[in-house]
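Listed next: structures, encoded as C-alpha cells.
Next, two complexes with chain A in common: one pairs it with chain B, the other with chain C.
For the complex of A and B:
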C-alpha cells in the first residue's frame, strides 16, 4: 500500500517532515560547500565536475523542500533561505568548511557512500512521492558516487597521508548521516522509512570500512548520536550567512 | 512517445504543437523527441501535460513549463492549461526518440548509449564508467571520456582520437 499525504495522521506527518528536512538539508549544504570550489578547483575538469555536482545536489534539495512544502504548507524557498542556522538539520559531517582538496574529497566520499545507502532505502518508501523522487535521484547520484570513488583511489595513491588525516578527522561526524530521528519508530512502522537508521548505518560501515582502512588503518567503532543533526559550528554559520546574503538583501524579492 | 489519448484529435493537436517546442538548452531537439513529455490529457475543463525532467535539478524545467503553457494555451482547446512536473515514470535517456538521437548527432552531440536491459541501476553504473561514445563528427569509436560532468547537468565531455575534436555526449541516465 502506498501512502499519500492526506492519509497520514498528524504525528506521522511530522515525523515524515523531519525525515524530508534532514535529507534535503544534507543535499543543500553539501551543494553549497561544493560550490565554494567553483573557479578554484585543482584543475579545470574538476572545476566543472564539482560545480555540476553542486548544482545537482541543490536541485535535489529543491525537489525535497518542495515535497516538504506539500506536506506542511510551507513555501519551499522560505524553508531553504528563511531559517536561522540552528533550525537546519544537516548531519554534523556537513558542519566543516571545505578545507583542502583532500578534505573535500574525503568528505564527498563519506557523504556519497552514506547517501547511496540512504537513497536505496528511501526509493522503497511507502510514501510514493518520496519513492519516485529518490528513485530518480539515485540515477544521478550514481555519477557522483563513481566520481567520489575515483578521487579516493587517486588521492590514496598520490597524497595518502593527507587523505588519511582527512578521513580520520571526519569519521566520527560521518556517522551522523544516520543519526536517529525523533519519531523514527513510527516512520519505520508505516514503511515511510523502510529500514531503521541503525540498519542503514551498519550497511554503510560494512561497505566503506574495507575501502578506507587500507588507507587509514583501523577506524574506531563510532556510532551515530542523538544530537548528530543538531550541532552547529562557526563554519556553518559563515556558510549560512553566505547563502542567505542574496535572499536576505530584499525580503520576498522575486526574479 | 505513444499516448493512450493520442487518438483524441485535441490531444493529437497538442502533441503536434509540442513537437515544435525546442529544448531550451539544446534547441536542435524538441521536447517530444527528448522524451520529457510523459502524457497529455484533455477534458472540457483543462489540458494537463506531464513533464518528466531529464535531471531533478535541471534549471530549464521552469522555462519548459512556461513555453509549453504559453504554446498550448494558444490552441484554445480548454480554459486552463497545466504543466505538471512528475518523476512517474522517471525520465531516462532511453526515452530520447530515434529522430531525437539523430538530431543530437547532427548538432555535435553524441547520443546517450542505450541501456542494455531497461533502466536498471546496475546497468547504469556499468555504462557510466564505460568511456565509449561514437564521435558525432567522424563516427570513430576511438574516443576517450574527458569528464563525466560537462557544461550542463546532462552532458559529458569526450575527445576523439581520430579527428581530434572534443565533443559532448548527452549522458545516459
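For the complex of A and C:
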C-alpha cells in the first residue's frame, strides 16, 4: 500500500478520515434502504432502476471505504461490516425505514440534492484521491438526481398529500447531511473540504426550497445540529442487523 | 403540470460503438419520456454496453405490415439483382480503363 497524503499531520488526517466516513456511510446506508424496494417497487422497470441506483450507491461507499482504508490502514470490509450501529456516521436523514414509495422518493430527492451540493465541493478538494473519486461519482449521481427529480414531480402531481407529509417529516433530519464535523476548521483550512458545511447547507436550502415549498407550504428554518451524524434509531439498528447478518454469521466470509 | 398517467411502451435501440448501426434492443414500460429514458438506461446501458440509445414511443412508430404491400403474390424475382451476370461486363470495363490510361 502506498503512503497517501504523507504531508498531512495526524490531526488533519483524522479529520479527513471523519469526512470520508461520513460521506461513505451516507452512500452505504441509503443504498441499503433503497435496496429494500427490490422486488416490490411500483413497476418492474422502476424495480430494476431503483435496485440499480441502490447498487451504485453501495459501489460509491465501497470506493470511499477503500480511500479511507488507504488513509488509516483499516480493511474496507471491516469498516463497512465490522462496526456497531453507534459507530456509524451517516446523517439522521438515513435513520428512517424506507416507508412507503412517497417517503422513499422524498428521501431520495432530499439526499440526492444535498449530496450533489456536497460532491460539487469535494470535487475541488485538495486531497487529490478524493477529488478524483468525486469526479467519477458525480457522473453517476447526475443520473440519480434526475431520476429523483422525475419522481418528485410525478408524486407532486399524483399524490401531493403523501409527498408533502413525507417531505415535512424528513425535513429536519435532511439538514443533518450538513452537520458540522468535529475538526471541520482544519479541513477547510487545508482545502480538504473546500467550503464549510454551513455554506453548503445554505446553498442546498436555496436550491431545494423553491422546489419543495410549492408542495409542502413554507418549511421551517431548520439547521444542522451537532449530533446530526450520531443519533441512531431502532429502524437503523434493524437495518444494521440485516446487512451484517452474513459477516456476523461467518467472520471474514468470502464468496 | 398535468402528467400523463397511462403507461406507454417505448422501443429502445442501442448502438454499441460509435459508427455502429442502431439495433433494436427491446422495450420498456414507462409513464413518460423522462422515466422511459431512465429505464432504458438501466435496462440497456447500465453495464456500459451501449454508446447511445434511441428511445421511441411505440405509438410514434409508423408500422407497415400489410402482406399485400410487402409480400405481393406475383413473382418478384425481376426486382432482385440475382440472375444478372455482370462478371464479363466488369472485366471488359476494366480492360477499357487500362487501355485508356496506357
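Convention: the second predicted complex is superposed on the first by the 251 of 255 C-alpha atoms of A that agree within 3 Å, B and C clash if a C-alpha of one lies under 4 Å from a C-alpha of the other, contacts with A are read in each partner's own complex, and residues count from 1 in each chain.
Just so it is clear, a residue touches a chain if its C-beta (ideal position, glycine included) is under 8 Å from a C-beta of that chain, and two chains touch if they have at least 3 such contacts.
What you see is a predicted model, and the numbers here were worked out from it, not measured in a lab.
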| item | value |
| --- | --- |
| Side-by-side fit of chain B and chain C on chain A, or clash | clash |
| More chain A residues in contact - chain B or chain C | B |
| Touched partner set for A:237, first chain B, second chain C, both or neither | neither |
| Touching partner for A:153 - first (chain B), second (chain C), both, neither | second |
| Contacts of A:63 with chain B and chain C, given as first, second, both or neither | first |
| Touching partner for A:45 - first (chain B), second (chain C), both, neither | both |
| Partner chain(s) touched by A:132 [first = chain B, second = chain C, both, neither] | first |
| Residues of chain A that lie at the interface with chain B and also at the interface with chain C | 45, 48-49, 52, 143, 146-147 |
| Chain A residues touching chain C - in the complex, by the definition given at the top | 43-46, 48-49, 52, 143, 146-147, 150, 153-154, 157-158 |
| Contacting residues of chain B [partner chain A, same complex] | 53, 55-59, 86-88, 90-92, 119, 121, 124-125, 128-129, 146-153, 157, 171, 173 |
| Chain C - residues contacting chain A, complex | 1-3, 5, 7, 28-32, 34-35, 38-39, 41-43, 46 |
| Chain B-touching residues of chain A, taken from the complex the two chains share | 45, 48-49, 51-53, 55-60, 62-63, 128, 132-133, 135-140, 142-143, 146-147 |
